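The following blocks contain the structures, represented as structure tokens.
Two complexes are shown next, each including chain A; its partner changes from chain B in the first to chain C in the second.
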Partner chain A sequence: MNSKERALRAFNHEEPDRVPLEGIAWGEWSYPFLEKVLLPHFRLEKVAGSVIGFTEELDLLARMLGIDFRAVSSDPPTDFQRRAVSDPLFHNPWGVRVAPDTLEDEWGIQRQLNATRTQSRIVKHPLKGVNSLDEYTFPDAEAPGRFDTSKKLVKTWRDEYAISAIWGGDGFFSQAWYLRGFEAMILDMQSNPSFVDRLLDELLRFYVSIGMRFAEMGADILCIADDVAMQTGLIISPRLWRRYVKPRMLRLVSAVKQKGMYVIFHSDGNLEPLIPDLIEIGIDALNPVQPECMNPVKIKELYGDKLCLSGTISMQETLPFGTVEDVRNEVEERIATCGAGGGLIISPSNQATIDVKLENFVAVYETAKKFGRYPTTQPQPAPSQASINGIPTRHTLRRHEGDEVESHG
Partner chain B sequence: MGKEILAAIAEAMANLEVRQAQELVEEAMPAGVSPIQILDALRQGLNVVGQRFAACEYFVSDLIISGQIMKNAMKALVPFLEGQSYVAKERVVLGSALGDMHDIGKEIVKTMLISQGYEVNDLGVDVPSERFVEGAKEVGAKVIGISALLSTTVPMSAHVIKQLEKEALRSRVKVILGGGAARKEMIKTYRVDAAVVDVIEGLSIIRSWTST
Partner chain C sequence: MTKLSPMVRKLKGRALAIERTGEIVRRDDENWEKCIFTLELARFSSGTPTEQIPSSLKGKKVKIARYCLYDWHYKLEIEKTLEPDETEAVLEGKPSATVYW
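And now, the complex of A and B:
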């Protein structure tokens, strides 16, 4: 069984040979961990002249860890890319440098790095103070160059891996407030519905166009990343979410599912009150199911027949502060309690920050590969003492090109 | 008339009725209701909003709407409040830790503190340790609240403590660490006075420090 079959079986609530493994979104928070810890450890020095940046290194890293998914995203159009830089320290890496440590993305959103250069924050919302959307030009989803990289990558990976595609930014609620400003967006939702309706309709048009192109090129899963929750509960009230976001999500999800794609929804935090709505509109999988915020066992019990759980391994507690044994226990417990019948994908439940211990990060993947064999009711192999040394290096991968990575683990 | 309209103002705030609350505030003043009483009614309503938030009946977006009701009302009330004595319960300095750009949790705490009569000196996000101490000195605050979602940003709270010690303010200023990254063991590690994930617990601790 290859990675693609394994991953899609989990989406179909069928038991594959083992629990599929997902990576983590390599972004602003995880870039220091990736650059300073993970890539050097695996001797994945940057490949000179690589046309697609870190893609080759990330692919090799994913193979070493046994990750069954590959991620693609659309890019800004070629003419924008010519003027812009791509800096992974920013939430949206593509942008025109408008000031030191400040990039303006294709939508006109400006982000600035913080004092420690570890996160970016929005310093200009292009729709702030704008009375009518007639004053704003939305990006063209079909502009030349938007899919040049993703098309190549999908072609390379589509037979072997489950391909998760994202447009390169966030979903309805997040993108809307990035454009308008958080407080202003909420107040518009309360008092200026026609403005919000039009804004979200423009986003819908953009997302559906992108989704259709991903479906045509053979991507398997559309990822909608839209943080609607924080640690203890929702940011946006269910009332406002159902009024504005849900109907558009339904249209987007229906459109891509008609083309045979699955849909995964990502939101940090505790979004339990919205889970029945997400299932109703056809979301197949929920990521990252942060265990500090929602109990994965409860979510599995209540919704596991309809919703696949992706993530679930504590990024706020176990990976930075726990021991390898804690990580192993958590992964084993998750597989035992949430793995039955498929519908479970294991990964850290958010981007790995620089304080994550390397051995803990690797232990997530090692443990899941060793203990995640189906059927999970069968006796499991004894715990392995091997940790990071059991993971193949780039050189062994090259020697055994085409071999199952796990066979070296 | 006065009592009825004040009750209606509190209720409009509690139910997040933006337009109705404003109309009632504007109606109350010509009717001779004291602006301080109106402010108290709004705070009573805001207290209910806080309780509903704590009970997971309201969400962050609802706090923002309640904040807007308060802002709208204050625009109308401020000219009438001048010259009247209204003393804030206590002053609190809030900010997100250096390196942390998240501010939703901080905004929630701010709203709840204001609703309970505190004056908040909000320093924003990505705040250096010296700035927290300066902020406390500027307003004579007895409490500094450091918000941190990312575990990587927590260690800076130790610098705030050192800075307070350097300026001989440690005995007068309590420091609370709040947010997703806060852990009880950090009280010992970083020598802060409290570390909480839960807003309500945090507010209760601040109340216990400031009640005389």
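And now, the complex of A and C:
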């Protein structure tokens, strides 16, 4: 059974040979962990300034960890890329440098790195203060160059891995307030519904167009990433989410599912009140089921026959502050309580920060590969013993000498 | 789309009972125990959304052979999935080495 079948079996709530493993996004605050800890440990060197080269290193890393998914995203159009840089420390890596440590993306959103250069924050919302959208030009989903990289990657990976595709940004609620400003967006939802409706309709048009292109090129899963919750609960009321976001999510999900794609929804925090709605509109999997604020066992019991759980391993507590034994216990408990029957994908529940212990991070994958094996028609081999106390011995897998690396940007 | 065999049918059923045969197969220093699960067939997997289980098979009890290692492998009241060849065997009414009734 290869990675693709393993992963898609989980989406279908079938038992694969072992629990599939997902990676994590490697941008923003996880980038220092990747660059300073993981890549050196595995003796992988980032090819500076090269998107394709960098992806190749990530692909090797994912193979070493046993990750069954590969992620692709759309990019800004070629003409924007020519003027822009790609800096992984930013929430949206592609942007034109407008000030020191400040990038403006193709939507006109400006982000600035914080003092420790570990996270970017929005410093300019292009729709702040405007009364109408008439003067704003939304990006063209079909612009040349948007899918050049993703098409190549899908072609490379589609037979072996489950390919999760994202448009390169966030979902309806998040992108809307990035554009408008958080406070203004919240006020608009109450007092200026026509503005919100038009803004979200424009986003819907963009997302559907992107999603259909991903479906055509053979991606398996559309990822909608839209943080709508804090750890204490939803950011907006269920009523507002159902009024503005849900109907548009339904149209997006229906469009890509008609093309045979699965859909995974990502939101940090506790979004439990929305889970029945997400199932109703056809969401197949929920990520990351943050264990600090949602109980994965309860979610599995209530919704596990319809919703695949993805993530679930504590990134806030166990990975940075626990021991390898703590990590093993958590992964084993999660598999024992949520894995039977299928529908579970294991990964850290968010991007790994620089304080995550290397051995803990690796232990997530090593433990799941061993303890996550399902009952099958034949006894399964034990996973290769490439680790010492949870830390794999250094691999020698390298890019082939002389391989050409394409450069963008 | 490049879905893996999108038309492959897999039946699913709820695990009602388990018979631990005591037959152990040792592999890589691990002891896998052959178990016989009794399933009550319920539906096709969602991987084939247009397929409906024949009414004559819905609720039918079949036995499948699986090798178990960890405690959580012995869970009941969960849905288990027949492999494609097992599914076709059930649909054709021809018991096989790993599925019978």
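Following the convention adopted for this analysis, the second predicted complex is superposed on the first by the 369 of 409 C-alpha atoms of A that agree within 3 Å, B and C clash if a C-alpha of one lies under 4 Å from a C-alpha of the other, contacts with A are read in each partner's own complex, and residues count from 1 in each chain.
Everything below uses one rule, namely that a contact is a pair of C-beta atoms (placed from the backbone, for glycine too) under 8 Å apart; a residue touches a chain by one contact, two chains touch by 3 or more.
All of these numbers come straight from a predicted model, not from anything done at the bench.
Enquirer: Please tell me, clash or fit, for chain B and chain C sharing chain A in the overlay.
Expert: fit
Enquirer: Rounded to a multiple of 10, tell me what angle the C-alpha centres of chain B and chain C make at the one for chain A, in degrees.
Expert: 120
Enquirer: In the superposed arrangement, which partner chain does A:K152 touch: chain B (first), chain C (second), both, or neither?
Expert: The answer is neither, since A:K152 touches no partner chain.
Enquirer: Once chain A of both complexes is superposed, is A:H41 in touch with chain B (first), chain C (second), both, or neither?
Expert: Neither partner.
Enquirer: Look at A:R243 in the shared chain and tell me whether it touches chain B only, chain C only, both, or neither; answer first, second, both or neither.
Expert: Neither partner.
Enquirer: Go through the superposed model and pick first if A:A115 touches only chain B, second if only chain C, both, or neither.
Expert: Touch partner of A:A115: chain B, not chain C.
Enquirer: Between chain B (first) and chain C (second), which, if any, makes contact with A:K124: first, second, both or neither?
Expert: A:K124 contacts neither chain B nor chain C.
Enquirer: Minimum Cα separation, chain B versus chain C, post-superposition (Å)?
Expert: So the smallest C-alpha to C-alpha spacing between these two chains is 32 Å.
Enquirer: On chain A, which stretch or stretches are contacted by chain B in one complex as well as by chain C in the other?
Expert: Touching chain B in the first complex and chain C in the second, no residue of chain A appears in both lists.
Enquirer: In the complex of these two chains, what residues of chain A are touching chain B?
Expert: Against chain B, the touching part of chain A is residues 29, 114-116, 118-121, 182-183, 186-187, 189-191, 230-238, 240, 292, 316, 320-321, 353-355.
Enquirer: Given the complex with chain A, which residues does chain B contribute to the contact?
Expert: Its residues touching chain A are 16, 18, 56, 58-62, 64-65, 67-68, 98-101, 104-105, 125-126, 128, 149-152, 179-181, 183, 197-199.
Enquirer: Along chain A, where are the residues that touch chain C in the complex?
Expert: Chain A residues touching chain C: 4-5, 8-9, 12-15, 158-159, 215, 218, 220, 259-261, 305, 335-337, 339-342, 371, 373-382.
Enquirer: Where on chain C is chain A touching in the complex?
Expert: Those in contact with chain A are residues 1-4, 6, 10, 12, 25, 27-30, 32, 35, 45-47, 65-73, 75, 78-81, 83, 98.
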